[in-house]
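Presented sequentially are two complexes of chain A, the first with chain B as partner and the second with chain C.
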Partner chain A sequence: MLESTPLVQSTPLVQPAKLGRVAAYEWSHRSAQVFIAAALVFTGVAVFVGDTFFLRLATEALIYAGLAMSVDLLLGVTGMLSLGQALFFGLGSYASTLVLKHVTPSFWVAMAVALAVGTVAGAIGAVLSIRARGVYFALITFGMAQVVSKVVYNTRSIGGSDGIIGIPVIKVNLLLFEVDTASPAGFFLLVLALVMLLYFGLAYLLRTPAGRVLVAVRTNEARVPFLGYQIRNARFLAFVVAADLAAFAGALYPMLRGFVSPELMYFNVSGDAVVTVVIGGLGTLIGPIYGSVVITALKSIIGTYTDHYPIVIGALFMLAVIAFPNGLMGAVDTLRARRKGGSP
Partner chain B sequence: MGALVDYIQFVLVPQVFNGLTIGVAVILIALGLTIIFGLLDVFNMAHGEFYALGAYLGVTLAGRGVSFWLLLLLVPLLLVPVGILVDRALIQRVFHRKERHMLTMLLTFGLAGVMEDVFKAIYGANIIKPATPLTGGIDFLGNYFPTYRVFLLAVGALTIAGVWLVVNKTSFGAMVRAAAFDRQMAASLGVPVRRVYSATFAFGVALAALAGVLLAPLYSVFPTMGKDFILLAFTAVIVGGFGSVRGVVLGGLLLTQIQSLASLYVSPVWGDPIVFGIMVLVLFVRPQGIFGGKLGHA
Partner chain C sequence: MNQETPILEVRDLSVAFGPLVAVDRMSFSAQRGHITSVIGPNGAGKSTLFNLVSGALRPGSGAVLFDGADITRERPDRLVRRGLSRSFQITNLFAELPVVENLRLAAQVLESPWKALLPTSASKRTRDRVEELVERFKLEEKRDERAGFLSHGEQRRLEIAVALAGRPRLLLLDEPTQGMSHGDTLDTAELIRQVAQEASIILIEHDIDLVMNLSDNVVVMHQGRKLAEGPPQEVRGNPVVQAAYFGTQVHAEN
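Let's turn to the complex of A and B:
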């Protein structure tokens, strides 16, 4: 169990940071366990009533949660606002699509290629962007996504503006058994397992010495060089890992929906991921997962009344930035502290 | 020799002229962006949406029979209270926290999303094409220049000159520059800093709205129009240097000319990558921009 490796005393790994307060990872893990339990109950109920629609929707929420987590690693942990994270999500989805359709219908090959593409693209993106700070960094990431999505949009050989359809249904070989991507419950559970693995893996990474430097870059950038670490290396690492996360999540998308299109790289996808992270809780890693579920649910509920859910979600987002910079996780954190009688 | 003259007259001149009208559009949008950033340290992600708001207000009022010429004055004026409200109700709420850059960027980004969807809710997703208020064209040395574009260039040049005068030669501009240079000192010398902030934000937003009214007949009106020029405007601000009026003008002209002339030789698809490449290059070589330096630092 990850809990058994104690943190340095009871000090939260991430100090109460400047933008939003970050929950200690111990209780983030409890939130993760609660999430898994709730997801399993949901699956049970869905299978029992024979639902497909909500299982598919929930799978999509989890895939976007992976993207949001990658934004959280950059923004919440290292303090870099990426406005173009959809670029890597889209690259991952195209890589996986091309492998599944033209090379081999193997899940693992598709994921490996997507990760390779994510790493290479992430390294290039990092070289272009990490020298810049704050607003400039955000603008470069925005520009990168803008440019690549336009290039994809105009490249006929990969479907151009239409994207690619007809991605085959595949069987995911898990040694002991196989999961069919066409099975709503099976694929949901697979994606759940993968996203939670990403979460625990990332939480683990942040406890390693390299990971602590990432956190330190945001908490007190000026002091990091005095400890003998290069800020640029830390930012590079964060950027590439985040690109990998996004590409990984993106690679799952075509398996769910059966198509990809340049829209996956558009600004609103990147923007939605930022919204998800802020609403869920910056710097918590688990917040983006809850946030993604909440936002998908909101979209679906509001969507039955009106097409204009972005107004509601946007207003909620602005409210969160002004009044709840810790997002959902922070609000729950405060409630728990209040119930215990201590000041938060 | 004749071929070269022909090339210049019939290929280069129209292309440069086209580039100039886009350049004026980009500069008008970027001016507000750079002034707001220079003084408030706020990067207004919703700037493109204020440009769209100006265009939509123009369309609505024109539908009520208001003449185009009156709109040029009326719409920016109407945006002033809107700008003050946004500054007071949203930006000032996070202005004094740490990580101001990030918070205000997030906030205005959220605002942009809401505004875009409000446009969609009220006007629908369709493209509205307002009638061109000036038809016909001017023949000059064998070239044909549409009158409205010539008018746009003239108004653009006047506006840019006006903004320069306001920033550099008026007492309001002096207060803005003083507040940007040293807020505490300006405040202790009696500059109403908070009011200057609101006024500056409103001023920048009004400029974007003016651009919206002016450009609507050329580039049409639709909910996502704010995103169309925004990469160019961002880049013009970066290339010119944040907070510099002169930098934005030169940056905007440079970029749009490069883009427009490049489209003669390579597919226009490459327009955005070229702009982006320039942005990255400038940030690498000269992060403060070609004419960098904060507003007020001369």
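Let's turn to the complex of A and C:
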């Protein structure tokens, strides 16, 4: 009774949430609303006490949340483990930097160019990687990021190993008013709005027929061709959209920090994004945002005591995966279900 | 297309796995509107034949014609779009996803491509098809249950419904009653009879009574080859078939 199916079954290294946890399209927007409310309260308090440090740090958390969401689209939704997503984050940050510094200090032009670069690079990266599965896909994405970061590292004209500094402070024209990237609260709120826009955009995508096919590819790739969909198209779509998300998030980085460097493309950035998604909850889209807040906070706190924060993050990651296999969002679901008296 | 053109014609089809010739110069045709059954002992090459026809495997030699057109080596997703769909012997569903979502995924091929990026709620044709199938395949009570949590019998029904959702012209069913109780088998036979109203069917089946009842034509396979072909009663009476199949296998099977 041997069933012969030549299509290779994809086995993601990290198993996405199994039956106990919501499928990717089932999450509620409640967690997103709670997050927005909390972020607004935080802004109010920060402005009231005259803080800038935490607002800047929170902005950074949101920017990395955008990167983590792109990993979630690949890993949590479609089942593709990318270990080189920082590549597109870095490309976005360089694109935005070069536009702001040498072309025009326009926020929207910088974002548009970053998206264009993300799309082209994403398409190229997809062609090179999506035929591979599992570990091989992970290694190709890892390799691509390594290669490009080394090229950037050795290219003098874009600053080489030093990166680029002196990115001008810009005013973001929002028609009715302007936001100054140097204003901690103003820029935080702008980034918050943009990242939530990405979240709702992705949530929308997953409610469309095309988005459903991505989820289908993760849950049972072997069956998908026999429903009439070419897996390659689905993986291509996921890869390019994810590259765009990462580039978009990356484009915001130089506006916050005023510099870029090849390190933005390094493996620890890609790796942290994967950890962020797993901690937040795979396939939940909102989980990566919460996860990014947690990781960024931990890094900052631990960073004040020791330079070896990766050790601590690594240990916490293991504990979190053991204690909350479905991430923060999974833990919240379990709690809620328990309080209602139902089974999770 | 000419009414006389068979819905499926297989010519001299062969494939080997190393030294094992799993399908060996198979030729047969299935008529439009018919239920054609493929029977044969375990390992005869029936599922492999389906894999070749549905694009899951590439044949070493031979040809497959669907509605008169050569589809040899065509990709599975293209075949589905052309109207050739299949179910699997080993249930092959989206276990994590609800029943309706399994059906929706299969039914949304009916929708025009520009709706791919509109919300699924905009796809009325898909929704209607899903509702129709949920009802016909008696899955109402389980509609929001994840497919992995259904009973075996329910999963087998859903497996057929998913294969049917995209309105194929030809449906290949690989042992739809596999592992079912006698009662469920009878219900499934009735379902298949209904399905035959909207699609031509090729059926792999071990339950001989069911084959005899449902089929217009029977193809007998043995060791990758066609042993016999003809109307059910004729095939049952064929001494070669009896020796190779009915005599020995049928009792060992169940």
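We take it that the second predicted complex is superposed on the first by the 313 of 344 C-alpha atoms of A that agree within 3 Å, B and C clash if a C-alpha of one lies under 4 Å from a C-alpha of the other, contacts with A are read in each partner's own complex, and residues count from 1 in each chain.
Basically, a residue touches a chain if its C-beta (ideal position, glycine included) is under 8 Å from a C-beta of that chain, and two chains touch if they have at least 3 such contacts.
Keep in mind it's a predicted model, so treat the numbers as computed, not measured.
Student: Applying the document's definition of touch, where does A:229 land relative to chain B and chain C: first, second, both, or neither?
Tutor: It touches chain C, and chain B stays clear.
Student: Residues of chain A touched by chain B versus by chain C: which partner has the larger set?
Tutor: After superposition, B is the partner touching more of chain A.
Student: Which partner does A:239 reach: the first (chain B), the second (chain C), both, or neither?
Tutor: It touches nothing on chain B or chain C.
Student: Of the partners chain B and chain C, which touch A:215 in the superposed model: first, second, both, neither?
Tutor: second
Student: May I ask you to decide whether A:88 touches chain B, chain C, both, or neither, giving the answer as first, second, both or neither?
Tutor: After superposition on chain A, A:88 lies in contact with neither partner.
Student: Once chain A of both complexes is superposed, is A:64 in touch with chain B (first), chain C (second), both, or neither?
Tutor: A:64 contacts neither chain B nor chain C.
Student: Does chain B (first) or chain C (second) touch A:134, or do both, or does neither?
Tutor: In the superposed model, A:134 contacts chain B only, not chain C.
Student: Across the two complexes, find the residues of chain A that touch chain B and also touch chain C.
Tutor: Comparing the two interfaces on chain A, one with chain B and one with chain C, the shared residues are 18-19.
Student: Tell me, which parts of chain C touch chain A in their complex?
Tutor: Residues in contact with chain A: 17, 42-43, 47-48, 51, 54-57, 75-77, 80-81, 85-86, 88-90, 92-98, 101, 104-106, 108-109, 111, 115-121, 123, 126, 146, 148-149, 162-163, 166.
Student: Please name which positions on chain B make contact with chain A in the complex.
Tutor: Against chain A, the touching part of chain B is residues 37, 43, 90, 93-94, 97-99, 101-103, 105-107, 109-111, 113-114, 116-118, 120-121, 227, 231, 234-235, 238, 269, 272-273, 275-276, 279-280, 283-284, 287.
Student: Which chain A residues qualify as touching chain C in the complex?
Tutor: 1-7, 18-19, 23, 204-205, 207-210, 212-213, 215-216, 219-220, 222-230
Student: Contact residues on chain A for chain B in the complex?
Tutor: So the residues of chain A touching chain B come out as 18-19, 75, 79, 81, 83, 128, 131-132, 134-136, 138-140, 142-144, 146-147, 150-151, 154, 267-268, 271, 274-275, 278, 307-308, 310-311, 313-315, 317-318, 321-322, 325.
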